[in-house]
Amino acid sequence: MIRVQYFQNGSLMPTSLEPESFQTALSDTGGMFWVDFQGEPPETCEPILLDTFKFHPLAIEDALHQTHVPKVDEWEQYLYIALHAINFEPEAGELELIELDVFLGENYLVTHHDLPILALDRVWQAFQMEERHRRSGVDHILYMLTDELIVDFMRAIEVLDEEIEEVENRIFTKPDNAQIQKAFTLKRVTMHLRRSLSPMREVLNKLARDDYSQIDARDRIYFRDVYDHLVRLHDIAEGLRDLVGGVLDTYLSVINNRMNDIMRTLTLITTLFMPISFVAGFFGMNFFQPVSSGLKTWTDNPAFILMMALIVLTSVGMFLWMRRRGWMQ
Amino acid sequence: MIRVQYFQNGSLMPTSLEPESFQTALSDTGGMFWVDFQGEPPETCEPILLDTFKFHPLAIEDALHQTHVPKVDEWEQYLYIALHAINFEPEAGELELIELDVFLGENYLVTHHDLPILALDRVWQAFQMEERHRRSGVDHILYMLTDELIVDFMRAIEVLDEEIEEVENRIFTKPDNAQIQKAFTLKRVTMHLRRSLSPMREVLNKLARDDYSQIDARDRIYFRDVYDHLVRLHDIAEGLRDLVGGVLDTYLSVINNRMNDIMRTLTLITTLFMPISFVAGFFGMNFFQPVSSGLKTWTDNPAFILMMALIVLTSVGMFLWMRRRGWMQ
Amino acid sequence: MIRVQYFQNGSLMPTSLEPESFQTALSDTGGMFWVDFQGEPPETCEPILLDTFKFHPLAIEDALHQTHVPKVDEWEQYLYIALHAINFEPEAGELELIELDVFLGENYLVTHHDLPILALDRVWQAFQMEERHRRSGVDHILYMLTDELIVDFMRAIEVLDEEIEEVENRIFTKPDNAQIQKAFTLKRVTMHLRRSLSPMREVLNKLARDDYSQIDARDRIYFRDVYDHLVRLHDIAEGLRDLVGGVLDTYLSVINNRMNDIMRTLTLITTLFMPISFVAGFFGMNFFQPVSSGLKTWTDNPAFILMMALIVLTSVGMFLWMRRRGWMQ
Amino acid sequence: MIRVQYFQNGSLMPTSLEPESFQTALSDTGGMFWVDFQGEPPETCEPILLDTFKFHPLAIEDALHQTHVPKVDEWEQYLYIALHAINFEPEAGELELIELDVFLGENYLVTHHDLPILALDRVWQAFQMEERHRRSGVDHILYMLTDELIVDFMRAIEVLDEEIEEVENRIFTKPDNAQIQKAFTLKRVTMHLRRSLSPMREVLNKLARDDYSQIDARDRIYFRDVYDHLVRLHDIAEGLRDLVGGVLDTYLSVINNRMNDIMRTLTLITTLFMPISFVAGFFGMNFFQPVSSGLKTWTDNPAFILMMALIVLTSVGMFLWMRRRGWMQ
Amino acid sequence: MIRVQYFQNGSLMPTSLEPESFQTALSDTGGMFWVDFQGEPPETCEPILLDTFKFHPLAIEDALHQTHVPKVDEWEQYLYIALHAINFEPEAGELELIELDVFLGENYLVTHHDLPILALDRVWQAFQMEERHRRSGVDHILYMLTDELIVDFMRAIEVLDEEIEEVENRIFTKPDNAQIQKAFTLKRVTMHLRRSLSPMREVLNKLARDDYSQIDARDRIYFRDVYDHLVRLHDIAEGLRDLVGGVLDTYLSVINNRMNDIMRTLTLITTLFMPISFVAGFFGMNFFQPVSSGLKTWTDNPAFILMMALIVLTSVGMFLWMRRRGWMQ
């Protein structure tokens, strides 16, 4: 899908996708012209970018064919900016980063992306509906785009934060493979996010500080503002990484503790019953003839008394010994 | 709550919250005017900041709507400084960081925060009560604010230090999930603290070194002093992090040791009793008829003698073998 | 094998390996002369490099005798560039890095390598077949070479990525030594790769930014493009490292969980059967004469009833106690 | 305790603690005046530092009231230098760092510390006894002080090194909680040390490189020398950290190995005796009447022969099976 | 041992250890004079260095009394260079670093070391035997020295590499304390090596880049060459560190896996035999009178049939249950 918006002095002008219409818009140095390519195959975009906008073939190849970390390339008449939009499905544990290629000229903005980006759609509509945006130049569209992209990043980070906390709590009550798998997925998502945020921050830093002719010097403070947000986001993402690392440490600690608990029980039971089972086995050899029959004569038989004494003494002795070693709690 | 203080040549002038009163105070270039917004909704603050102080909309949005890591933004007539105040409840293991937004002009200071900050209240009272503070200009208020904020950070760090030491000691005597959970909470609090201290230090470094028109060059050494404290605090916080990391290592070591101890006991008991239980079971099959009855003839029976010899020899043998392997201590 | 290509104004000129032929090609400042040494012993290459090309002995020693991390050395008339080509056999888990030595002069390019490099062969053929490449100068050959080398690196990284994911999945279902050995091999391959990518990136950065007389200023954007790819590759390789580190953490978590599971079963069985085995052993001592014979009188005998009660109560009691401790799931 | 030394042209002049005596010494620009405050309360030191030496209140507060990491502050007429002296009791595992505050002027040196510092006493005596030191200016006292402080650091590091090696060796022979606790104490001491050495090094670097009017340019090579020692000390301390980290890894490895050993034995015993105990139990049920009595008829009874065969075969089978799995060594 | 070499225009001149002989050599600005002190006590070296060569006392103290990380100190007339020579005994697992102190003047080179250094001896002989070396100035001796030192480092690293691989392989087949101790020794050796290589690289970097009057500008490319080797060595040493760290991870993984294996067997055996042993014990109480005698009546007795059924069913049931849980492989 290719769509265009063209404003003159703040009013939306009728445009078509015809080359002549593009030429008119481009030649109006005081206007604002925004072309958005969404999911178009390279064959469709390439002629327009090359012939109408006269972008450098390398820049076009960057935008259409290749994947990049966010960056700013300064070409003579325009900036090529690669950005990342986030598409985070918390249920699926999947974090998708969509590359958004932006060409920023004096009076036009070209955006290219393979998948729909909600943040971009929000900005598109804002420009269509509210006139107040349309008077600040195309660099203001770029500012609004980056600002909206960040909003989505923020939401993803908040969801991640909650999920990590949830996994950690569940590990304390029930440490199993499912939690570990979840924790590893969250770890990978967090790392993915951090690796995107870091160059994004660098891009905004450049837009806020460097002297690009396409960006009005007075508008830099807006990019500075987005940059400050990215600094904070990066900071939070760092915290998430530590948090998720802590989850794995927690898991190992909890499971070791549990193992310890189980082994203590096993040892307790074994230590209590093995000796008295041996005593029973010893007297079970019947070297000593049972003197009486029936239940009446229990206390008469010396072998029986000896056996009972051994069993009781062993049990009590083992119990006291284990309590002294601190295994009873 | 909105409150104001206005000094002229060191004496407290009567003021009201009326806009005219604000205008009078602001136009007195030799005076000191301090306005504090505490827990006020944005709707109340925004008109004052925008219309009376004429702050830039972006700076106001930073102060009223958003959360930031500590930073200094230089605007033409004033500085916008975001700081963190600490609110640490050691019992709850909760560390709360309150954002304190400061606007510093030539002759005024505006502070904005959502929750009460004890450090700010202390400074507020000091200015109300002691005249000697009132002669040094509004940058001196900022210095006193940062200095008092640091005092609270220091207290929090000391409490943290004690708690970590306590947890570590308890782990050596009784390693359980409660200690681990406590340790992880402390770890998170320490990380939280470090992430706040680091940009705070940077802010003070800027105030101490950069040439801001709002800060008297001779006063920079005071900010330098606060900066030195923050360097030390950051240093201690680094130590805390290592300490808390050591707690988790300790835990794993202690619990592994304990497990080892338990398993050794289990193996000891099993190794001693399994063979002799088998001997008892072997002779318990009664293939050999008991020759005598009663207890008198114990030593007569060759099968009985053989059995006793086997049991004693096995026990002694196992015992010696285990001692040689170093399992007896 | 020594092979040469010599273009004049884009057309392939006949050349031989004779020294005179070399001289002719070298003295044609507007031509493009490419000599490729593949697997030639130093004795064959050295005289040509020294006498015909007049390279510095140290540069020749670097190229012929020694192994290097990728680097660029600027000599007066030419650049010496050491690059790495990758030769990755995924089945064997072996990553082979082949050193490719390049001498870039104004109108010639000398490449030297011990083993065949597919990327180089592809470029060689492209120049032989397609005239359009032949007009851009020898620095364009270098660009195409680096670009093709990167393609192979990319393929290797994709294969690695898949294998790591596969190992991780297999660890969740069947954690054994074979998976661990595989994971360690992948880890070593990843580290190997990263240590090669990092200086490669530096080399391309230099070619893209520094002012070398051998490289046309307008061609630097091409090297910049390769550099951007390398930045992304390095980024992905970082991700691989984290991924492979996560595999080992996963392994430890899974195996600890499994151990926990096994131990719980062991403890369960032991805890259930040890007490009732003791009861059976106790009554097996035959202190109480069996009153009746046959199976009819089961419920008559008080000792028998007592024994059955003990066994059932112990089993049920143990079962309930273990369920309360959460060992039953 | 306050003590003073005052040299004129290398000869020790009589001085008292009277203010006039101080004034005389301070006004002698060619002299060397050293005042040492040891363990004096702030009330005693403050008036002297403020009124006689005219130090800035902030610098005095730094010296008297606060704790700092080593640093150099340049004031107009003097340097304020915070250093650390070490007081290491190897038996107690306690490392004490004493802050040494130094004010260095053109012709005077003021030192302030709460506890006695042996290194300082050594320098004090050297100046009292040997004339040759007294001709090089007060910056030479500072050099000797730093040099002696380093000597004590070096000794502490050597003791630490030995102790760590000792703990590691003991862990291989007897891994228990005491060794772990010792290792963690050593780790904390090492970290403590490193955190002091790093800023100390920075201080000496500044003294060796920066252009302070209080330090003779020709004397900087002496500070450079101390700096080189500190570089090496820091290097060794890094090594200690790795060593102590290795101790904990060793512990975990050794204890895991030991656990493995114990479990193997337990499994061996269980695997050997459980099956044959079952065989004994099976025939112990006396379903088969013992045919003969006494020991003579062992080999006659078919049930007995069967039982013996089962026991022997099971034992041998289990033994062979375990040996094939590599559990026998 | 003190030995000297003195060349004039490439020919070896007769020299003695007499001071006059030294003076002659030193005053010949076009000559090359090399003095080597090996294992000489400071008392012997100090007068020569101080009086004949007129080195600064601090530089002499550095060379004779102290240990240093490699460094370059520039004094007015000469360079003081501290280098490390390696002495690696692979069998003993001991890595010895010998400090080599070098003074490089315009026309002389002084080397000082406590122990024999093979690399130095090789260079000494090369100069005595081959005239071609003698024409390039004393900085060429320094180049050859550094080059030969690196050769020994390279050999040590290759041996280390092989040993680490060997230990890792042995850990997969037989993980025991001996391998762990070996791995820790290798780890320490690797760390030791890395800490030496890093400043060595820095020294060579300085020699290759800085403008020292003692080093001919055209000879810097030789030091650059040695520097490139050191970069690669450092790179390999980094790889070794990762490798040796991986060995310890491998160990923990393998031993955990082994433990898992052992515990599974233990649980298997226990789970199979405990229930059937109880069944045997139950019927061993002889509440049911054996009806028949001899082996003929096995199948007649209902109690016997019940017992056999229970034993077989329990065994099969347990076996199936365990196979379903995946414990059988």
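Assorted remarks:
Which chain is which? They are A, B, C, D and E, in the order written, and residues in each are numbered from 1.
We take it that a contact is a pair of C-beta atoms (placed from the backbone, for glycine too) under 8 Å apart; a residue touches a chain by one contact, two chains touch by 3 or more.
As the structure is a computational prediction, the values presented were derived from the model and not from experiment.
If you take subunit A and subunit C together, no chain is in touch with both. Listed by label, the chains that touch subunit A and also subunit D are B.
Shared residue numbers account for under half of those found at the interface formed by subunit B and subunit D, and the copies are therefore classed as meeting with different residues. Chain centres here are Cα means. That of subunit B falls 40 Å from that of subunit E. Centre to centre, using the average C-alpha position, subunit D and subunit E are separated by 25 Å.
Among the residues of subunit C, those in touch with two or more other chains are 252, 256, 259, 263, 266, 270, 274, 277, 281, 284, 286, 303. Beginning with subunit C and continuing to subunit E, the ring of touching chains reads C, E, D, B, A. Against subunit A, in their complex, subunit C makes its touches with residues 168, 172, 221-222, 224-225, 228-229, 231-232, 235, 238-239, 242-243, 246, 249-250, 252-254, 256-257, 259-260, 263-264, 266-267, 270-271, 274-275, 277-278, 281-282, 284-289, 291, 302-303, 327. Looking at the complex, you find that subunit D touches subunit B at residues 56, 58, 61-62, 66-69, 71, 73, 174-177, 180-181, 184, 187-188, 191-192, 195, 248, 251-252, 255-256, 258-259, 261-263, 265-266, 269-270, 273-274, 276-277, 280-281, 283-284, 286, 290, 292-295, 298, 301, 304, 307, 311.
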